[in-house]
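What follows is a set of structures for review.
Next come two complexes built around chain A: one with chain B, the other with chain C.
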Partner chain A sequence: MSQKAQNNKAWWLVMPVVILVAFNAVIPLMTVVNYSVQETFGDNVFFYEGLKWFGQVLHSERFHEALGRQFLFTGIVLLIEIPLGVAIALAMPRKGIGVSICLVLMSLPLLIPWNVVGAMWNIFALPDIGLLGKTLNAMGFDYNYTRQPFSAWATVVAMDVWHWTSLVVLLAYAGLTAIPEDYFQAARIDGASAWSVFRYIQLPKMKRVLTIAILLRFMDSFMIYTEPFVLTGGGPGNTTTFLSIDLVKMALGQFDLGPAAAMSIIYFLIILLVSWLFYTFTMRNEN
Partner chain B sequence: MATIKLNNLRHSYLDNPRGDEDWALKKVDLTWEDGGAYALLGSSGCGKTTMLNLISGLLTPSEGSIQFDNKDVTQIRAEERNIAQVFQFPVVYDTMTVRENLAFPLRNRGVAKPEIDKRVVEIAQMLDLSESLDTRAQGLTADGKQKISLGRGLVRSDVNAILFDEPLTVIDPHLKWQLRSKLKELHQQFGATMIYVTHDQTEALTFADKVVVMHDGMVVQSGTPVELFESPEHTFVGHFIGSPGMNVLPGSVVDERIGYCGYTVDAHLRADQLNGADSFELGIRPEFVHFADQGIPVDIVKVSNTGRVRIVDTRHDNDLIRVVVPEGESIPADKGYLQFEPYRTTTYVDGWRVGDKVTPISSRTGAATRSQISQSQTSAGSAS
Partner chain C sequence: MSRLKWLVPTLYIVFLMLPIYWLLNMSFKNTNEILGTFSLWPQTFTLENYKTIFTDPTWYNGYLNSISYVVVNTIIAVTVALPAAYAFSRYRFLGDKHLFFWLLTNRMAPPAVFALPFIQLYSAVGLFDTMWAVALAHCLFNVPLAVWILEGFMSGVPKELDETAYIDGYSFPRFFTRIFIPTITAGIGVTAFFCFMFSWVELLLAKSLTSVAAKPIAATMTKTASSSGYELGLLAAAGALTLIPGAIVIWFVRNYIAKGFALGRV
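Moving on to the complex of A and B:
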């Protein structure tokens, strides 16, 4: 180590990035930290409160419920989107015009703005005029997402699956097409079944992209706001009030800046912790 | 074990092949004898891998048939043909241990567990993998992985043939030699037919008893290394085998005899056997061209020293003629005269040999020829 020349001038090269990150991430985050330990009654008058808001948030039933809903939603969404995405990627063609057609079709949902997705599903699922809502009711299902919690949940989940499964498909497809043909030929000669090929070749080779897919889908679905906000507004009651909807209600609806800031930090730490645990756990065998 | 017969085999990767160039494999008739060690030699893209995949059943031929011991297997799938194939890039199942990798083909075929365990241990011992049996295959080096690929083929006791598709490409040079000797050893031990695809003549000639040379989708010659060296059926074989390759010169008729630029040459062909071909070529190995006091006048262009021999590039008119000069013989400075050894010249029309084969020296001085070939191999090896 001592042999290496120390060139501290290189730090100047990373300076622009440091400044950029400081202004768009660190400084806003610090204001949140600042709010989270103070109380204000307006007029820019602040009183130091220590960790009081953190204690309050962590012990509040409202937070527990929102957190529970959030984990349930993320869990359901991951359980559907990851296997479904892999299945679609496996079924997609490997060559010919079909590849481009599939890729374009798959990318479409990803290109639609999130609030438009919410608005689309809002109208699509309306029981009296929406195609989905009206059809379901005509088929004899009692479906009304503005009144029934189960209908609301099913709609929010369906919307997320529709919106984001493509991302998993595209990642998994990229992973699949990167496997050299030799593997499949060797497997045929070894007499491997389709399941064995999936279990011992495709799945292990997709491990890295699937890890990324799961991480991205975990983080995004855990932070979901716009689509359910436009679709259900968190209702009926509080049944689809996920963490970020609750947070916005607290911060902008009730103007409880201190507890909201404390909740933001807890929220952020949960995402960080889960992502880190997941990544460390899945990658521990890689060298 | 089986004799593999290819009858009128043709293959194209296109649905509707039209011209000649659409065929990856142009009509091959060939028999691979049971228990032979074959090398399939040719430059990249000449159809070697296509032929291998047709034999193993990974591809179904567009035309023609494949027989194993007179049984038609053309439409039989790869997994049912009992062929083992080792690929250019080692294929291992990453999540399995070495033991599970070796057991995989047997498990897929429903072999009983005690039998599997016994075979796996045997094969691991043969390939020096015993110690790493319970480690994960993922962490092994390239040669270790390639041994596993090979082991998965050998572990099946009923394999008809083992096919190698340039298996040493990703192996370190010093391990190549070891692994190749291992293959030879296994061939002797198992007696299975082995077909070894390569574009490296050193690899082909050291591994095989019989070499099949392919060029542009065709089998241009199949024979022992000595036959390929002495009587190339096609100018491509002459170029490809030997280092340096054969001199190919424009032929002419001189005094109703075969000649070159006004000089007569002793060849196994009379001018009247040419059947009116417009032009023909002469092929003579650099090993059989010598400097003399009289003969074909040439300019000396370049002398390269390869250790045991010197390769001299000479020029007559616009033709490059290479001469191999053994140690101790003198080389003229700027200009000299060349003599072709009698009856060492082969004649070619449109690239293919016409007239009789060159009398094999092997029947007279076999040892000499072998040493000549191994000399070429050494120089090829050192050049690569």
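Moving on to the complex of A and C:
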């Protein structure tokens, strides 16, 4: 890092990226900020409203509930996907044809368009003609994800685990294969148990990739929209209405631009804040 | 204990394959059979659903639209990210760390936040309902990602390579295109893979920015699901076909996938 040369002309090299991303990020963001402090009755007439919408959103029950559901969902999927992904990566073969087969088959869910993931699980979980729904009902469970909140939640969580655990596996596996063989030989000579090999060699070496995995999974699960929207439409009732679903309903469905814009900004700030806190916390532990 | 180790990935793969199998199973059935009977494989095997997709222009145009904006997006993202990633990996410059972090924050922006402003922005510049709108809009998250991954790969290339080339009298553009880019082709492949992936799977922006002419396949599917009753077989066939581009791409980059994310710096 310290060997890099100081050269402000490097700005010319980043200029295309800056222009392109600024066009896509700054202009829309300013539009959102604009809406968040104004009231409109149509006809492009706007009145300045100050922070009224922010107060309204922050005090509304609807936002609190969606936010609560969002944190609960993100918490559950992180608690399942991270340990499960690490466990699978530990059990994967290290060489031979098995590696390619595992990697190709496991990556498959990552490359399926998100609405197809939703549609696929919809068909898979239908209580009358879906494999999962039919099987569960035949086993005596009363399962119907369009009617029961618990079934709906379980299905959305299972779908996310199905969809994204592979990303954690790929990252963890990349971290594991980067550990030199000597480490394991030394551990074997010392008679270390499988647990202490994991705890003192494998886990520390995976720390960096796991940080990436947790960050990516946090961000993406916090922004989840398409899959639950296709599967449950946010229902039954509002029980699977996460933040993005609620936001799109408000902005494009009801056209409440002011509150929707205020909510967008709060939403974005929450993601930034949590990511930043997590990142600084893990990095401080490192030093 | 270690004898049974293979069971873990095997069971996981079985779990992954079940919904995919069910989708394929449904795609080979006709509507009557889907709604009337429950069977683990098609009783009256039919290719009718696939035939509809390949002969009806609203269906196959959906695929062509999706593929075209994904390819254009990948090319744009990788092209602009290459010099930027080089700058981040080789030089310190005013505000470099802030700029890098700002770029990454765009990966954290929920597409739902940007849907409405994007519609207005791209209508204003006259690109609404063209594949360019989607290709450019997807740069919001793909360009930062491309810079992030490429920077990781480039930092792995020793600086002596640059220095030797400059001493040998190479100019920067000639060095960059003739020597540097060929040495990091693996990294470019991985980056292109991830750009392709995130553009291919995204729907919210792609759907919001198009209406008729440039409608992606995903949007055609949602329209079918809601409008023409419930043609599950057709929907399943359309879904099954969306697996193919991904599967092809995975096969080509299987040895680099795992490396791609791990090398990027956080």
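The rule is simple: the second predicted complex is superposed on the first by the 273 of 287 C-alpha atoms of A that agree within 3 Å, B and C clash if a C-alpha of one lies under 4 Å from a C-alpha of the other, contacts with A are read in each partner's own complex, and residues count from 1 in each chain.
Assume contacts are C-beta pairs under 8 Å (C-beta built on N, C-alpha and C of every residue); 3 or more make two chains touch, one makes a residue touch a chain.
These numbers come from a predicted model, not from an experiment.
**Student:** In the superposed arrangement, does A:196 touch chain B (first), chain C (second), both or neither?
**Tutor:** The first partner, chain B, only.
**Student:** A:110 contacts which: chain B (first), chain C (second), both, neither?
**Tutor:** Touch partner of A:110: chain C, not chain B.
**Student:** Should A:135 be classified as contacting the first partner (chain B), the second (chain C), both, or neither?
**Tutor:** neither
**Student:** For A:204 in the superposed arrangement: first (chain B), second (chain C), both or neither?
**Tutor:** In the superposition, A:204 contacts chain B only.
**Student:** So, does A:271 touch the first partner chain B, the second partner chain C, both, or neither?
**Tutor:** A:271 sits against chain C, while chain B stays out of touch.
**Student:** Between chain B and chain C, whom does A:25 touch in the aligned arrangement: first, second, both, or neither?
**Tutor:** The second partner, chain C, only.
**Student:** Between chain B (first) and chain C (second), which does A:188 come into contact with in this model arrangement: first, second, both, or neither?
**Tutor:** The answer is first: A:188 touches chain B but not chain C.
**Student:** Comparing chain B against chain C, which has contacts with more of the residues in chain A?
**Tutor:** Between chain B and chain C, the winner on chain A residue contacts is C.
**Student:** Regarding the shared-chain residue A:102, is it in contact with chain B (first), chain C (second), both, or neither?
**Tutor:** second
**Student:** Pick out the shared contact residues on chain A: the ones touching chain B in one complex and chain C in the other.
**Tutor:** none
**Student:** Using the touch definition from the top, list the residues of chain A that touch chain B in their complex.
**Tutor:** 180, 182-183, 185-186, 188-193, 196, 200-201, 204-205, 287
**Student:** What part of chain A is in contact with chain C in the complex they form?
**Tutor:** 3-11, 13-14, 16-18, 20-21, 23-25, 27-29, 31-32, 87-88, 91-93, 98, 100, 102-116, 119-121, 123-124, 128-132, 134, 162, 165-167, 169-171, 173-175, 177-178, 208-209, 211-212, 215, 219, 222-223, 225-226, 230, 243-245, 247-248, 251-252, 257, 260, 264, 267-268, 271-272, 275, 279
**Student:** Taking the complex as given, what residues does chain B use to touch chain A?
**Tutor:** 53, 56, 58, 77-79, 83-85, 87-89, 91, 93-96, 104-105, 108-109, 139, 149, 152-153
**Student:** Per the contact definition, I'd like the list of chain C residues that touch chain A in the complex.
**Tutor:** Interface residues on chain C, with respect to chain A: 5-9, 12-13, 15-20, 22-23, 26, 34-35, 38, 40, 76, 80-81, 83-84, 86-88, 90-94, 96, 99, 103, 105-118, 120-121, 136-137, 139-140, 143-144, 147, 159, 197, 200-204, 208, 217-218, 221-222, 225, 232, 235-236, 239, 242-243, 245-247, 249-251, 254-255, 257-259, 261-262, 264, 266.
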